[in-house]
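I have a structure here, written as structure tokens, and I will follow up with some questions on it.
In this document, chain identifiers A, B, C, D, E and F correspond to the written order of the chains, with residue numbering beginning at 1 in each.
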Amino acid sequence: MNPHTVKTYGEELDQLSAEVILMGGLAEAQVADAVEAVARRDVALAQSVIQRDQRLDELEKDIERKAIRLIALRQPMASDLRKTVSAMKIATSLERTGDLAKNIAKRSLVISESEPMSGLTRSIERMGKLVSSRLRDVLDAYKGSKLDIAQAVWSSDTEVDEHYNAMFRELLTYMMGDPRTISACTHVLFMAKNLERIGDHATNMAEHIHYEVTGEDYMNERPKLTTMEP
Amino acid sequence: MNPHTVKTYGEELDQLSAEVILMGGLAEAQVADAVEAVARRDVALAQSVIQRDQRLDELEKDIERKAIRLIALRQPMASDLRKTVSAMKIATSLERTGDLAKNIAKRSLVISESEPMSGLTRSIERMGKLVSSRLRDVLDAYKGSKLDIAQAVWSSDTEVDEHYNAMFRELLTYMMGDPRTISACTHVLFMAKNLERIGDHATNMAEHIHYEVTGEDYMNERPKLTTMEP
Amino acid sequence: MTDTVQSSLAETRAPAKVDLKTAVAKRLKARHAAEMRFRAYGVLAICVAVLFLGILLERIVHQGYTAFVTHSITTEVYLDPNRIDPTDIMGANYDQMITEQVMAKMGVAEDEYGTTSGEYKEILSPDLGFKALEALRDDPKLLGKKISLTSPIAANADLYYKGEISRDIVEADRNVSDQQMVWMDDLKTKGLVKGHFNTYLFTNTDSTQPELAGLLGAIMGSAMMLLVTAALAIPIGVGAALFLEEFAPKNRWTALIEVNINNLAAVPSIVYGLLGLAVFINWLGMPRSSPLVGGVVLALMALPTVIIATRSSLRAVPPSIREAALGIGASKTQAVFHHVLPLAMPGIMTGTIISLAHALGETAPLLMIGMISFVPGLPESVTSAASVLPVQIFIWENASERAFHERTAAAIIVLLVFMIVMNLAAILLRRRFERRW
Amino acid sequence: MKLYTRPLYAPDTSIGKPRDPSMTTTATTPKFVARDVKVHYGDKQALHGIDIDILDKSVTAFIGPSGCGKSTFLRCLNRMNDTIPSARVDGTILLDGEDLNDRKVDPVVLRARVGMVFQKPNPFPKTIYENVAYGPKIHGLATSKEEMDHIVESSLKKASLWNEVSDRLHQQGTGLSGGQQQRLVIARAIAVGPEVILMDEPCSALDPIATAKIEELIDELRQQFCIVIVTHSMAQAARVSQKTAFFHLGNLVEVGNTEDIFTNPKDQRTQDYITGRFG
Amino acid sequence: MKLYTRPLYAPDTSIGKPRDPSMTTTATTPKFVARDVKVHYGDKQALHGIDIDILDKSVTAFIGPSGCGKSTFLRCLNRMNDTIPSARVDGTILLDGEDLNDRKVDPVVLRARVGMVFQKPNPFPKTIYENVAYGPKIHGLATSKEEMDHIVESSLKKASLWNEVSDRLHQQGTGLSGGQQQRLVIARAIAVGPEVILMDEPCSALDPIATAKIEELIDELRQQFCIVIVTHSMAQAARVSQKTAFFHLGNLVEVGNTEDIFTNPKDQRTQDYITGRFG
Amino acid sequence: MTGYLFLALIVFSVASFMFGRSLARRKAAAQGVRAHSLPAFSGWFVAIWSFIPAAVVLLVLVIFGARLENAIVQSDVPAAVQQLPELNQGLFFQDVRAIANGGTPSTTVYDGELKAAFDHKVAQARSVDSTINLGAYVLTAVLALAGGLLAYTRISPQFRARNSVERWVSVFLVACSVVAILTTLGIILSLLWESLRFFQSVSPLDFLFGTHWSPQIAMRADQVGSSGGFGAVPLFIGTFLIMLIAMCVAAPVGLFSAIYLSEYATPFMRAWIKPVLEILAGVPTVVYGFFAALVVGPSFREFFNWLGAFMPGTPMGEYLMNVQNQMALVAGVVMGIMLIPFVSSLSDDIINSVPQSLRDGSLAMGATRSETIKKVVLPAALPGISGAMLLAVSRAIGETMIVTMAAGLQAKTTLNPLDTVTTVTVQIVTLLTGDQEFDSPKTLAAFGLGLTLFIVTLALNLIAQRIVQKYQEQYD
């Protein structure tokens, strides 16, 4: 695509994208670190995840401010407008992702005080890896405006859901088997739920990317497992 | 405030707000109905809540489309721009609220098959009422651009959190007391979590309203109970 | 500190070697001086132009104002049947008779009649004789009766009365003898001669006698000619301008017509005279010296000016007006005649009046078509011989009698008044209707 | 049943009559159908074959960089190019199915049906009343003073100018402000009872407030007329039009719903122009 | 330490010299300080007491409806109002602390320091080279052909025009396109080495592409000059300026950061104007 | 008679207009449609057809009727008349015309055979005259009626009366602009025709390059070398000299006044000075001539005589003492005064057409006003101003009255401004205002001079207009 005739305008748009990518990287790291904190029962890491969430919140606000400023001062049109709006929306998703990661980290602090549940944490780890990779994919798609990757992320949401459902059942069994673990297990359950939510956010972001690139409306129906196990 | 010189522009803006209000009403009803379905173990009502969520999704998409259209075709400035952006953001929150309500309804279907847990469901009902009223307040604030109401909603988020924390403890006791109820209880737990999330969304919306009206950035730090009980 | 700043500033400018400070300072003073000088030239030029106009007008008024006053003599004349043969009233010598009667009245010795009456007659105008004859012809019964006649005094006498012939000049060098001066003083003191506003200048036609010569014929001639000119030049000029500006396609032909018209505007007026002479008089056989031919020639001459003035005021009407009319379905002709032409009208009128004023003052081409001849009477129609004001001026200027000189200047004043009135009308019209788009 | 289409050649029985709404074309039948329209000015080709359908009862905006041919094409729609001697128009433009460029078509009648508003407000230097009454007068639309008064009043009302000028109808139209003048010009065009109003950058000489009023007016007039507007302000095209056509170098690059053109144009050139990436 | 402020009255040594960046005013010292500036045209008061500080190295935009006085105030900043016989300016305007309207101030020197660019591109009917060299020549800024060449080249480069015209410096400046002409005019103003460039609706005669280029240029020039621009396009003010001042009926209603003015103006009148709610 | 007929025609046309208009109204009403054209156009259509053909016939009669009559009457010349000398034959027919049409005949008395022939011819002339007139009148009436009726029958709501009327309007307008062409043609043809006759007796080379001008001498056939008197070089030099002096006065004064008026003067000053200049421009040349001859001439002579008195004995002093009223300087200076407003108003227009934006641009860069004028306005206006100057030159060359009254008649080959010189235009006037026969080389020489004058001014004008036009296109 041609560069913008007004350089600053182009620069501002690029900066917006860059900030989203930066934020994406951070969010991805948060998720990975939170999951690792759970797996390794690493209190310090969990603490740092919790602390770093602040940064994501700031970035989101910044991106939003910049996007609104851009709309007010530059009146972006067509692809530029889509880019601006989707940056704002992706930032919101990423901020939520960060919140969820923080929540995982917080919970990891709680469960680190109880007995280790290696099976469960491994499941969490596996699920975390999966979600992280999806997050990474979607950010790659964003960076390169790669529709195919976004599409792939979008259509593979069921995988995370399946994982979650499996974990849910596993946790129920676990809790019923040893009611003392119930407190810890609920935390793990929420962790899994959070990861599932992060997966959802990745899917959302894929939708935003699709919109940004094609200008087409969001794809029809999200391939969601219509299980009663939510 | 003066009317817009270009009438259609003003009409389009008003329509956007109206649609957000409509959507808010729907979301509020969804929450109330979902909670009622839980309380009354009303399968039909739950089903209808699940079905009606579709409408909220559509409305959100519509609002978003209209907002982007407005930005592209009208280049709104100052208060108009803030109105447009916050409409978009509030719609997103409302859609999430609807999703959460749907989730409650779905879970109500699951637990309606198990033993009734009148204490828990009463708690849910109470919490539901609280959340509903906050939702109603925030929508009132939106309708009338009433900063004081928004401020009140925003600062009373702790109440919901306290409720949630209480329920969490109650549920843990319940599950530990009777492991057979674990499955049902986790659903109730999630319901409570969802209601807590809805409360969060109400707070978010209050922030958006504040931004829309004053143009000031989001208020500093949200009064969140910094409990480890998430 | 200052030095380092200066040097660092100097370094930033690549090849600067001169001391800019003094350079600019020096220049600034010189620049303002140049400004003042330049301005002074302008003022000087304006002053020169205004001064010229002042001198011109002053000289003409100075020379001409005296012609607006004249002296006339009023006397009782006895139509002596002894000297007038009733069967041939034309044959009598009225001048001699009247002169002798006046001389008698003034007490000039009778024996001197024979020798001095000739000199005395020079004071009186032959007009007295004409008037006596005319009266008698109108009413033959007056024969033998006394009638009172008033008539302008001879030109030289008039000049003497106005003090323009002074006694200081050697008698031989002036047209009035010492004797005549005595007589004239006598006439004046006896009240026969009175000074008054020179109405003859406006009621008489041209004459060989300066005291009788008037401008009426020339004014009438000019009026007729101007009428012909206006009747031809305005419709044709406006029509042509409309065609060229509004209707004509822009092609080689219209470009040629355009160049042609611009050229015609600058063709020397005398060439139009040659055209008139060759075409209208020699070829078409139209009457020489007539206002008709003069008017046609001047119309042809004024045509390009009218066309150019019309075109420029048509052009001043913004195209948006035409587009507006066309845009709501007016035809080209309607757009032009309903909007463009009315809007251009003040400009057209201004241009036309100025070019007519110019035509009024034009002389050279009229000389070519024979308008230089002496025409004593009033022109009867546009085809009869006539004189016009500027030519009258030219003729009088060439006349040898000194009295004609002041009349020339007077005629110029009359002509200038006409021109100034026309020009003023044009200026007022322009001021009144000037429209800035 | 073809009564509603007024013949382009004489005699015309319907100029100035309000069209029977039941008989008008539906919004989906194009008002103009242009096919392969080419325009040359002398040796220079200004338009290279334009194909476009223009709908009735809607605003179509032509946008594009200077010299892209948008004004040229607009002037084809009421044959204003006829007034430029060197212009040559090829191709067919149908107005309600009749070819505009047919030799039988009297441009005067055509222009009464297809009114035009220009860049600079150009009221006649006459009174407001006379300005509006001029068109009806030359077309003989009013037989009495009352009828004329009625036409003038209703035209001024339609142009949202009545309230501002009703008490000074007999003052000079040129004494109005720029925006009022432009609305007066629109009223003048409306008075002839046109079906189409062409506007050639109608707001480029106006300030933002006057512009907003004209845009508001255009939006109202869309209910009754087919409006085609050339503008060099993309924002304006976005605001007022339902359809937007993008011209570039004498070609029609893209035409579509305004919303689509401004949020998701199909052609890269449109995209580049709209987002400010040209040149 | 007040060396950087050049005296407004002759002799001026620094016209045409690029200012030493280390010595220039910091962005927080205002370049212009205007206090209670009133302008009358004959009996009509055009400005009712304007107070404003204008910063160096930034773009300040004046916006407002037609006749609000924004151009009038701009013309006060280099005393171009002097050329209008009926104009009377009261109040003080300090440029680097010196009163512009002081009788000792030579407008010739002032205008060399405060350049101006007009609505319509107005290159002199001379070659491109002569256009740019005109200012340095009358002020005697170059002593040799090489020096002049250098000034011309660097000015054209600063105006982003060098690449387009370097091979035709000796062709007529009037032969350039509108946008190029406007950049040539800017280069001409730069050649004298001004500190301030005033622009009076510099893009209103240009199409969007040329406008974008000028805006781009303005954004670049901001690094070196204090730029004040009058525009009737709010969007343009939003795009190019750092500070925006809103004028209304001869008053300065609000001045502030452009971002704040366009997202959250303080004054209701500004709000109404910006959102299109006036009149 | 013709006049009354014309009047009747006009009345008839007005009536036709009324009829046509009402018919159009009625027909449209009857058919219930709105006609293509307004009823008034139908009226005009009928009126035009009633008027134009008939009027053309009348006009032809007025212009060519007499010539036709002559041609018929003179087609057969009676034997008695044939014996008359050619000159007297002409006189004979002149008298016939005079008697037949009621004019004053010459004093020639015709008797005998001639008398019979004369009476016969008078009778013939009368009958021819009445026949032609009657025919023309009848034709006029028939055409008016037929045209009107024909047009009347064509009226219908479908009829495009407006287009038809507009075509007539265009025809009229075209005819108007053709007049301009005809004028030029007339000038060229008449000048060429007579000049050719002149050049039959005098060689063009002698005329253009001969240095001896004395047409009076050439009149007498017994003089030696009658053609030697027609060398026009002294006239050209005299014309050039006077033009040069005039431009020396007019160019600076005119240009600087224009500059001052358009650049410096307050509106108030302009409002007063411009009319003053316009008055100067409106003064007829004959008045300038009078001024030159009676005021400037004598005072210049006195001045130079007074100057000469300071250097008695020297040849210079002697010369100055003897300077006459009629000198090139006087005519030149007065012509210069005459040209001041011409130059100044043309320059003013041209300076004003330099856009204000250029001045603003220059002033805004810190140029002073005079720098702006000298370096921006004047260079921009230079082509236009030089065009204006050329036009002034052309006018100076063609100016007649001032030089006729102030320059003198003596053809001298000199560039001394204090000497008396003569010019082309002066000679044309002198040659044609005498009572010469129209075929002598002397009168024809005037046309030769006229042709030269025309060609020179034409060339100057063409160049000047080219320049001015180019200049104006620049700012359109």
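Please note the rule applied: contacts are C-beta pairs under 8 Å (C-beta built on N, C-alpha and C of every residue); 3 or more make two chains touch, one makes a residue touch a chain.
The structure displayed is predicted, hence computed values, not measured ones.
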item: Contacts common to chain D and chain F (chain labels); value: C, E
item: Chains touching both chain A and chain D; value: B, E
item: Selected interface, C-F versus C-D, where C-beta contact pairs are more numerous; value: C-F
item: Middle chain, criterion being Cα centroid separation; value: D
item: Rotational angle, Cα trace of chain D fitted to chain E, multiple of 5°; value: 180
item: Self-contact between copies chain A and chain B, residue sets same or different by half; value: same
item: Intercentroid distance (Cα basis), chain B paired with chain A, Å; value: 21
item: Inter-centroid spacing, chain E versus chain C (mean Cα positions, whole Å); value: 58
item: Inter-chain centre distance, chain B versus chain E - centres from mean C-alpha coordinates, in Å; value: 53
item: Geometric centre distance via CA averages, chain E-chain A, whole Å; value: 49
item: Residue numbers of chain F (touch at least two other chains); value: 162-163, 368, 371
item: Sites on chain D at which at least two other chains make contact; value: 108-109, 138, 209, 212-213, 234-235, 238, 262-263, 276, 278-279
item: Where chain A touches two or more other chains, by residue; value: 5-6, 9, 68, 72, 75, 77-78, 81-82
item: Pairs of chains, among all present, that meet the touch criterion; value: A-B, A-D, A-E, B-D, B-E, C-D, C-E, C-F, D-E, D-F, E-F
item: Chain E to chain C touching residues, read off their complex; value: 3, 10-18, 20, 23, 106, 108-109, 138-141, 143-144, 146-147, 150
item: Sites on chain D touched by chain A in the complex; value: 234-235, 238, 262-265, 271-272, 274-279
item: Chain E - residues contacting chain F, complex; value: 15, 78, 80, 83, 85, 107-112, 115-116, 118, 120, 122-126, 134-135, 138-139, 174, 185, 188-189, 192
item: Chain B residues touching chain D - in the complex, by the definition given at the top; value: 5-9, 68-69, 72-75
item: Residues of chain C defined as touching chain E within the complex; value: 1-2, 5, 8-9, 12-18, 20-25, 27-29, 31
